[in-house]
Structure formats: structure tokens, C-alpha cells
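Two complexes, one shared chain (subunit A), two partners (subunit B, subunit C).
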Partner chain A sequence: MLKFIGKRLLMMIPVLLGVIILVFTIMFYTPGDPARIMLGAGASEEAVQQLREEKGLNRPYFVQLGDYIKNIVLHGDFGESFQTGEPVLNEILERFPTTLKLASLSVLVSLIVGLSMGILSATHQYSWIDKFATAFALLGVSMPSFWAGLMATILFSSILGWLPASGSYGWKYWILPPLVLGLHSAASIMRMTRSSLLEVIRQDYIRTARAKGQSERKVIVVHALRNALIPVVTVVGMQFGVLLGGSILIESVFALPGLGRLIIGAIGKRDRMVVQGGVLFLALSFSFVNLLVDILYAYIDPRIMSQYKALNKKKKKVSKNV
Partner chain B sequence: MKKKKMTVFMAVLSAAAIMLTACGGGGKGGNGTKGAKDTLTVGLTANPITLDPYNTTDSPASKVNKNIHETLVKYDDEMNIVPCLAESWEITDDTTYIFKIRQGVKFHNSEELTAKDVKFSFDMQKDNPHAESVTGMVDFDNCKAVDDYTFELKLKKPFGSILQHLTQAVTSIVNEKTYTENKENYGSNPVGTGPFKFEEWKKDDFINLARNDEYWGDKAKVKQLVFRIIPESSTRAIEVESGGVDIATKIAPTEVKRLEKNNKVVVDLTPSFSTQFVGFCLKNDKLQNVKLRQAINYAIDKEAILNVAYQGIGLVASAPMSPGHWGYDDSLPPFTRDLEKSKKLLEEAGFKDGLSLTLTTDEDQVRRDVAEMVQAQLGEAGIEVKMQTLERGAFIDAVIQGNLELFILGWSDFGTPDYGLALVNPALKGAGGNMAFYDNPEVEELLTKAQASTDDNERMELYKKVQEISWEESPYVFLQHDTEVTVYSSQLKGFNIKADGDSDYTKMYFE
Partner chain C sequence: MSRRKRASIGTSSSHSGYWANAWGRLKKNKSAIVSLILLILMILVAIFAKYVSPYPYDLQNPAEAYQSPSAQHWLGTDNFGRDILSRIIYGGRISLFVGFFSIFFAIIVGGILGAVAGYYAGKIDNILMRTMDILMAIPGLLLAITLAAAFEPGLRNVIIAIGVAEVPFYARILRSSVLSLKEQEFIEAARCIGASDKRIILKHIIPNCLAPIIVQSTLGMAGAILSVASLSFLGLGIQPPTPEWGSMLSNARQHILNYPHMVVFPGLAIMLTIFVLNILGDGLRDALDPRLKD
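Coming up: the complex of A and B.
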């Protein structure tokens, strides 16, 4: 297992390198001059030129890219923000806890809602519960999250006055944003749980379990759900990754100081170092979540665990033969 | 066994959830929740880049900075220049200003303000690309602190609007000692003489300021001033309705009707110094043709655009400067729509069979709505318009390089016609403000003369002449002068806002 994790960690290196090169290239060739944006439309060409010189923006593409990668690999230095002059890593770490918290709470909401609705609609197929859940899923998927967010604040903050509309200064502030985001992604978890569970329920071993006289609850929760969970875990992992990078709109609507807002602001200002650093950081988090999901597979399904083990053994044998 | 693993899994999950919720509690800074009525909370549109006044001209930064730092002179509510850190000043000749510095003014670190700090602050502008309009004019080597409370400002050449420029945050007076000792971190730890002291800044979230009890002027009525960064206009408005913030700046015109029905909030509409326009890039041969530009000007229905795209909030424009501006020429009527005239001019211009032009905007929804209306209106006059939307940064780049044909943009001024008329100043083509690349030696001469004059009446005449010429030659189609929409809590007293969008928060309080 450890070997498997180690290998997966090594495989992240080319992925991250690819991300660096891709994002760097896109930002490098995007029209819009960071020095000009920093000094404003009214500044003279000489002043802009001087700033370009100062920040090393005049150097050729390969020199800048090489320098960027070298600084990351050798010194762990992600550069400085053009706008604020602060180290990019500080800027990112300042915002990441908010984003992580929002994503985690949203996943929690979507897990609770999605799993329970999925189970209910699978066990009560074609009943009104199922129909309600399917309608809910359709609504959840098709409603844009920023619109849902605005509607929720109008209702709960402006009209009812129960919850604050934006910010993050206590537990009350952490109810609406995760709910809005979570319900949005609960829809796909619900649908996945439903279809996966429906498939499992029809299998022979479930009939056997029922024949043994076990209670329906036990049959579903203990026997069926576990095997139905693999695709669900995949979806949850993906959702978590998406939420880490994709909650930008919700961060804006609820004025949460997260990573998404940092990156969006930096794109607008062509603050390349911040965009590169931010995207790299998100890619890294996404890779870790994926790894975590793969490890979880092994614990949920013993067959996968044994596959991982078999893989190691095979490798050993091959190396012995050589 | 299986059951046990499942339980462990669920337990880990819930533990993680509890941890996450727990570590989030305890909001930083006394943020304005209901009841805390000695705290004034203002919703800002964006995170300031830095609070070092010399390193940015960004508008959220300047809004916050003007409470922490002060300048030699400032604007009063009617946009007249009044004393601030300079008690009085004397213009001994066209290029020499002697400022008497106010005595007994303390910086937030308890150091006393002297002319030396003023001299130091001016020296900081010497190579400052953010303060170019000032740097080009001041003769830094000959500026001096005559004694502790007298500062002599020397100019390279006469500059009529120097005092207006000295109201801007970029010419703030800092404490020499703190600034030199703490240059690296000054932007996140500023020390000024203003009515509020800096306390805490959580980026993209909030900035806390506390009342300066040692302030030399009228002390603020509230104890705390909090700026909360809320990027969404709708959220800012909802926050005022729900009591989360007391003042929300820059609200979208589309929100106004809904908000006016709510008696918990007051909607303030103050005409501002910014103007929206359709620009012609005269680098194109076709657009060099005055008659074509006039034809387009007559074909566009400004009234309709104001009523539909801006929800009737604003004023139809005829010139780059707004009616509240002292340099405004009120004798020039806006071009009203006249399709017949437009078609005739088009024919005279040699485009009898019509022509095709590209109109570019940024992603701003209101500007895109305007563009669609312009497209339809010009279509009626026989001009085919292709629309193009660019991302903001790319758009600005294309505008100042003169790569477009027609474009929609706005221009904000801070009360000096030199800046307001930069749009047509042939000496400032491209980045300097003349985005139409308009050329006219007469206009250039008039503006140079006006800039050098310190006689306001003479300047006014010169500016009027420039406005007349540019009205006739139409390098821009001026659409409307903006109105700043601000929403504030009906419990707030003493609300005020000036045409440049700044407010004096010291006068505001709650009952």
C-alpha cells in the first residue's frame, strides 16, 4: 500500500510540471500588460516600460519560465505578487483555509443529503419519494449556484433576517454558503447513489441476504450500500476537487476571502505569479484528493486492496526475474 | 467487522466536520453586527492593493487611505479646495507655493508633523510612476522646509491645477521616520495623521480602523470604522437591508427600484465626475472623417440608452466633464437623435451606401447592453455594427494602443479640467487619456495655455473653447454622466458623499 502511495506521489510531479507550463504559457500570451494594469491607463509609456524592466517582464518566454520553475524546485519560491509585492505563497496560504473549509462543509452537506436521498429513492423506486428526489436533483443541477446564493440571501437575510448575508465572522456565517454549494452538488451524489444502489440491489447476494431473513434495513445499509459506494466515492472526490477550485462564484456572492477570489482578481490584473501559484496549489490539492479517493477504495472494497497488493507482488517477481 | 470499519469511517467524517466548524468561529475584528452602533461598516467593491498611498492609484485603496492619511489641502462637500494639513498657503509667483503647516498635528505614532515630513513626502513622488501628473510638474530639488512649519513648493513651470492634484491620496503626507524604517511593510501597516487609525486588515475580507482620539480637527463620532470587501453589488445591497453593513457603495442601477421600496434603507443618488462614451479611434482613416463621426453622433439616442441600460440613473452628456464640474460648459447641448441629419451627413461623408464598423466593449453587462442599443440605432442609420467583447485587461490594452474602431468606455475625473479634458488632449494620446488619438494643434495650444495659467477665469474661457471644438469635431459620442448610487441604513445620520465618490465618515453617527 505504501509503495502504491509513493508511486502515486511521484506521478504527481509530471502532472504538476504540466500544469505549471500550461498556466505559465497561457498567462504569458494572454493580451493585457501587467505593468500597464498596475500603473493605470493614465501612466506614461516610459513609466510602464521601466516597471516592466524592474519586474523582469521584458525577458524572453523561456528565460522567465526556466527561472520560475528553477525558483520553485530549488528554493520553494513561488515568486511575488506584482500588485502587492507579497510572496505568492503567503497570499495563497492566507486564503486557503477559507476555501478548504467551504469545500469540506459543502461536501459534508452534499454527502448527507445526497446519500440519504439516493438511498431512499433507490429503495422506494418509482414512489413519490423517488419522484421528489429526482425532481430535486434536476433542480439542483440546473440552478446556477450564484443565483441560488443570491436568492438564499434575499430570503434568509433580507426578508426573514435569520442569517447574515455575507462574510465569515462566526458559525452563523457558515450556514448559507455550504448549504447552497452542498445542495448543488448533492444532486449528482444522489443520482449516482440511486443508480449504483439499484444495480447492486438486483444482485444475487442481496437476494441471499433477504432469503436469510435479515431485516431490509440491514440488507441495504450493510450489504448493498457498501458495494454501491465505489462510484459514489469517485463522484464525491471529484466534487470536492471541483469545490476547491470552483467555489469562486459563491466566494464572491458571500464575500468569503477564499482562493478563488484571489485567483480571479489576479487574472483581471494579470498578476501572473499569483495566478500560476494559485492554480498550481489547486492542482496539487486536487491530486491529493484523488489519491485519497484511491486509498479509500481499498478500504471500502477488499478486492481493490488485494489488487494493490497483487500489483506489488507482481512487480517484485518481475524484478527478481530480471 | 465490516460494520466497525463503516462506523470508524463515519466517525472520522463527523470529527472532521466538527473540527472545521469549530476552527471557523470567533470572527476577527469587531465587525459591525446589529447593535454595535458605535461601529460604522462600509461595503467596498474590492480589496485595496496596498495601503501605502504612494504605491497605487487604485480607488478602493484611496477610499480607505483618505481616512488614515491626509494631504496638504482637501476638497470640501462642494468640491472647493480647503486647508487640511496646510493651514494656509501663499502663491508668491507662478511657480512658488508657500504652505503654512498646521501646528500640533500628531501622527498616529504620536510623532508631531513638521515641514520635514512634508518635504520627505514630496520627495517620495520624485520617481513615482503612480504620481506622474505631479512628478512632471514639481521641481523637487528646489522644494524645501523653510522652518518647522513652512514648506516651499517649487514648480518647474506654472501649473494651474496643482492644488487639485494635491488633494489626491497619492500626495498624502507620511511620517518620515515610520515610512523609512518600515518601508517594506508600510502598505499593511500605515501611519498617518487622519481621523482614523489603522488597526487590522484581513485581505479580501475587512479592514478595521479605530477613531483617532488625538485628531487635530473634528473627531469622528463613531469609534470604529470597518471596511468590508464585498465584490457583488447585489450582496452589498442585501447587507445594508439585513443590517450587516451600514453603507454600500457603487450599487448597480438595476437594484435601485427594489431598494427604494424598502424603508430600512435610503438610496442616495449623487451625480459623479465620471462620463460614459463611445470612442472613435482616429487611427482609422474612415473615422478621421468628421462628418462620419457627426453622423454617428446624431444617430445614437442617448436618452433611450440612459433610460434602458442605466435605468434612467444619470444625465445625458454633451461633453467629457459633468455639470457639477467647475470647468463644465453649459452652453453645449447634447446631440439629440436626428436620423435624417445623420443620413445626410453620412452621404456627405461619402458613405451613401452605408458602412461597417466594429464596436468593442469589456465584459461589463451594462456596457454590453449599451453596445447592443448602439448597434441597433446605428443600423437604422445604415451603419452596420459588429459587436466584440474583450476581457477587461485585453480591452484596455487594445484601446490605448489604438487597435479598435469604436469602443465603449468611461472616464473619471477628480475635479480638474486638465484631467477631464485629457480625453481630447493631443499631447496625451493613448495611455494619457486621449484614447481617440484625436489631433488638433489648436486644442493642444489652448490646453497648454490653460494648464499654465493660475487665473481661473482665463482658464475657464480656454476650457470652454476646447469643449466647443471637441463638441463640433466629435472624437467621442458622449452618452451620459454617471450618478453614484449609494445605499445606507436609515438609522445612519450625517451621511454625505461628494462628486468624486468620497465621504467624510467623521460626520456620520447612529441615533
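Coming up: the complex of A and C.
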């Protein structure tokens, strides 16, 4: 198992390097001169030139890229904001907890709603519960989360007056955003749970379990779900990426001070370093979650580990023969 | 499971009755057909927006600002007194256009990369697919936001920003189809009689991977339409005064407390379009790959 995790970690390194290079390159070729932005439109050409020199902005692309990667890898340094001069990492770390909280609560909502609806509709296939859940899933997938957020604000804040519309000052502010963001993912999880459970329920070992007189509840919970949930884990991992993207929109709708709003604000101010750092940080956390999902996957599905071991044995044999 | 799926696509589509059979199966799926008709209607309305919309989309009338839905203005008016229904109709043009062309872009680029990777295998395959891994390591909307921020705003750049994020999906489909197809006998036969690589890829391999591409692109279009609305909502997509559903919502948001009708309808338009595409995509999947249906 450790070997598997180690190998998976090693595989992550080139992808992460690639992500850094890609994001750096996109932002490097963004129109707008950072030195000019820092000093404002009124600054003299000489002053701009001097600042460029000072910050190393006139060095060739590869030198700047190498520097950027080196600073991130060795010192965890994402550069300095063009606007405030603050280290980008500080701003990111200040905002990240909000985004993480929003994403985690949304995953929780989507798991509770998605799993329970998926299980109910699979065990009651073609009943009204199933039809309702399927319709819910289709609507949930089709509804833009930011619009759902706006509609929820109209209903719960402006008509009913139960919950605050925007900001982050207490637990009441943290009900609508995760619900709205989580419901979208709940739909995907529900669909996957349903189809996966339906497939498992038809297998022989379930018939055996029923034949030996086990209660239906036990058959589903103990026997069927364990296998049915394996593909669901992958969907949850993928949905986390969707949630991170969606959190940018939801943070904007509910005015939550998260990483997404930092990025959007920095785009407006043409603060390249902050955009770059923020996007990278989100992409890195997404990769990290995917790594966790992969490990979890290997842990809950022994077939993956045995496949991996068999593959290794084969490789060793081949290399011995050569 | 995936191997069986690929094999069934490879063999069943190679005889000509396949598309007729698939159409027959799709016709039996009522909700998919209703969605198809609705989608065609939407496309027609978008094309003939000039004749269908009751008012010009940019006609401002301060005296009629903030009106609730009425007989004159079916969906009400916005803060400039512009007719919301007309703006939604014109906005559909942008959404469908961007949705279609960003997926078209992704199919062309991803398709070529995937086909090349699968056909030549080895080093090229490795380099191309690792690049796709990198693209997929960034959540789609985030990548589109980054690209949209880097480019100047505008229709063409929005299409590219959204399309790039979709490229890896098509590259993967094409690659896996090609990998399984190229071992089959009819490809070997074509090679024996001296067909060139280009001819084999274009005439023999691509027609055989169409089914999964069609399904993915229908669902992908739904995603692309959601992305363009999201980008515009954040102010990074289509810029006002061009009517676009996402930017209409972004504008309406400022008046949400007093004039909620401005928020309701553009969102409903987005939802209906995505809903229709999703149902059609599901229907197409069942029709084109009957084995998957439960």
C-alpha cells in the first residue's frame, strides 16, 4: 500500500509542474505591462523601466518561469502582489479557509442528499420516489448554481426573510451557499449511486444473501452498498473539481471572502501574480483531493491493489528474463 | 466493461443499418424526441430572432423601466426599459453559438490529438496524453476563467477559452477508440491494399468513433452553455450591451430585492436549454449504445 501511495505521489509531480508551467505561460502572455499597472498610468517611462529592472520583469520568459518554479518548490513562495506588494501566499492562505469550508460543506450536502436519494430510487425502482429523484437529478444538473443561489436569496431572504442574503458573519450565512452549491453535485452523485446500485443488486451474491433469509435492509446496507459505492467515490472526487470551480460563482453571489473572489478581483485589477497564485492553489488542492480519492479507492476496492501487485510481478519477471 | 463497450461500438457501427437502428431506438424515447423538437425550435428562434422577438433587443425606454410581466412585455422590462423576452431570444443566439462552436473546436483539436496519439502510440502518445492530464488537473471552469482573463474579452476568445477546457475529453475518447480499432482486421485489410495513414484515419477510424463523440458533444454543449453563462456572470465573457443570459443575470442581480422578475427569466432560459440538451444526450447514449441501458 505504501509503495502504491509513493508511486502515485511521484506520478503527481510532472503533472503539477505542467500545471505551473501552463498557468504561468497563460498569464505571462496576458496583455498589460505589470510594471505600468503597479505605477499607474501617470508614471514616467523611466520609472516604469526601473521598476521592471528591479522586479526582474524584463528577463526572458524561461528565466522568469524557472525562478517562479524554484520559489514555489523550494520556499512555497508564490511571488508578490503587483497591487499591494504583499506575498501572494499570505493573501491566499487568508482566503482559502473560506473556500475550503464552502467546498467541504457542499460535499457533505451533496453526499447526504445524493446517496440517500440514489439508494431510495434504486431500491424502489420505477416507483414515485424513483421518478421524483430522477426528475430532481435532471433539474439539479441543469440548473446553473449561481442562478439557484440568486433564486434562493429571493425566496429565503427577500420573501421569507429567514436567512441573510450575503456576507459571512455567523452560522446563518453558511446555510444557503453550501445547499445551493451541493445540490448541483448531489444530482450527479444520485445518478451514479442509482445506476451502480441497480447493477450490483442483480448480481448472484445478492440473490444468495436474500435466499439465506437476510433482511432486505441488511442485504442493501451490508452486501450491496459496499460494492456499489466504489464508482461513487470517483464521482465525488470529480465533483470536488466542479465544486471548486462553482465556489468562485457562489462566493460571488453570496459575497463570501474566499479564494474565488480573490481571483476574480485580481483579474479586474490585472494583478497577474495573485491570479496565477490563486488558480495554481486551487488546481493543486484539486490534484491533492484526486490523490486522496485514488488512495481511498485502492483501499476500499482490494481488486485494484491486487491488479497493481500483479502488474508489478509481471514487470519484475520480464526484467529478470531480459 | 469499457473494453466491451468499445468493441461493441467498433463492430456494430461498421454495418450500415446501425444508424437506422439507433434512430429507431431514439424515436421510441418520448422525452428525447420532445427535447430534440424543443432544441430545434430554440435554434430556429435564435436564427430568426429578428422576426420572432417583439422588440429590438437594445431598444431603451426609460419610461417603461422595471416593468413586471404584462401583455406588452411578456417577461417584463429591465432597468433600461428593454424588453426582457427580446433580450432572452437574442441571448439564445450567443449561447447556442458559443456552445456549438466551443465544442466544435474541442472535437477538432481533441479529435486530432487523440487520433494521432492512439494511432502512432509510443512517445507521441505519451507526450500528448500527459499534456491532456495537465489540462484535466485544472477544474474546467477555472481553466476557462484563467484563459478568458488572459485574452481580450470577445466572442471568439470565449469560444476558445471554453473549448480548450473540453479538449482532453475528446482526445481521450478518440484515443481509446483508435487503440481498439486499429487492431481489427478491416484496418489491417485497408493497410494491406496500400491505404495511407491519413486515409485510414479519416475513412475508416473516424466514422467508427462517431457514436461516443455525438453523445459526449451533446452533453458537452450543455456544459459549454453553462460555462459561457458563468463567465459572463463573472464579467469575463460576453460584455454588455450584447444580450447574453449570464450577463443579463449579472445586471439583474443589482436589482434583485425590488425586481426579482429580472433574475427569474434569463436563468430559466439557461436551465431549459441545458435540460433539453441533457435529456437528448442521455437519449442518444441509450440509442447509440443499447447495451448501456438498464
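Couple of notes before you dig in:
In the analysis below, the second predicted complex is superposed on the first by the 273 of 322 C-alpha atoms of A that agree within 3 Å, B and C clash if a C-alpha of one lies under 4 Å from a C-alpha of the other, contacts with A are read in each partner's own complex, and residues count from 1 in each chain.
Operating definition for what follows: a residue touches a chain if its C-beta (ideal position, glycine included) is under 8 Å from a C-beta of that chain, and two chains touch if they have at least 3 such contacts.
Not measured: the values here are computed from a predicted model.
In the superposed model, A:158 makes contact with both subunit B and subunit C.
In the superposed pair of complexes, A:15 makes contact with subunit C only, with no contact to subunit B. More residues of subunit A lie in contact with B than with the other chain of the pair subunit B and subunit C. Contacts of A:199 after superposition on the shared chain: subunit C is touched, whereas subunit B is not.
Residue contacts after overlaying the shared chain place A:31 against subunit B and subunit C alike. Of the two partner chains placed by the overlay, neither subunit B nor subunit C lies in contact with A:89. Shared-chain residue A:244: touches subunit C; no touch with subunit B. In the superposition on chain A, A:150 makes contact with both subunit B and subunit C.
Contacts of A:252 after superposition: both subunit B and subunit C are touched. Applying the stated contact rule after C-alpha superposition, one finds that A:287 touches subunit C and leaves subunit B untouched.
Once both structures are placed on chain A, subunit A residues 30-31, 150, 153-154, 158, 252-253, 268 are touched by subunit B and, in the other complex, by subunit C. Of all residues in subunit B, only 2-3, 5-6, 9, 13, 16-17, 20-21, 23-29, 31, 33, 46-47, 49-50, 57, 129-130, 132-133, 187, 202-206, 228-232, 234-235, 238-239, 241-244, 390-394, 396-400, 422, 430-433 touch subunit A in the complex they form. Residues of subunit A touching subunit C in their complex: 14-16, 18-19, 22-23, 26-27, 29-31, 138-139, 141-144, 146-147, 150-151, 153-154, 158, 195, 198-199, 241-242, 244-246, 248-249, 252-253, 263-264, 267-268, 275, 279, 282-283, 286-287, 290. Residues of subunit C touching subunit A in their complex: 130-131, 133-135, 137-142, 145-147, 149-150, 152, 222, 226, 229-230, 233-236, 249, 253, 256-257, 260, 263-264, 266-267, 270-272, 274-275, 278-279, 294.
Per the touch definition, subunit A reaches subunit B in the complex via residues 30-33, 36-37, 39-45, 47-48, 50-51, 83-85, 91, 94-95, 97, 101, 104-105, 108, 111, 150, 153-154, 157-158, 161, 164-171, 173-174, 222, 226, 252-255, 257-258, 261-262, 265, 268-270, 299.
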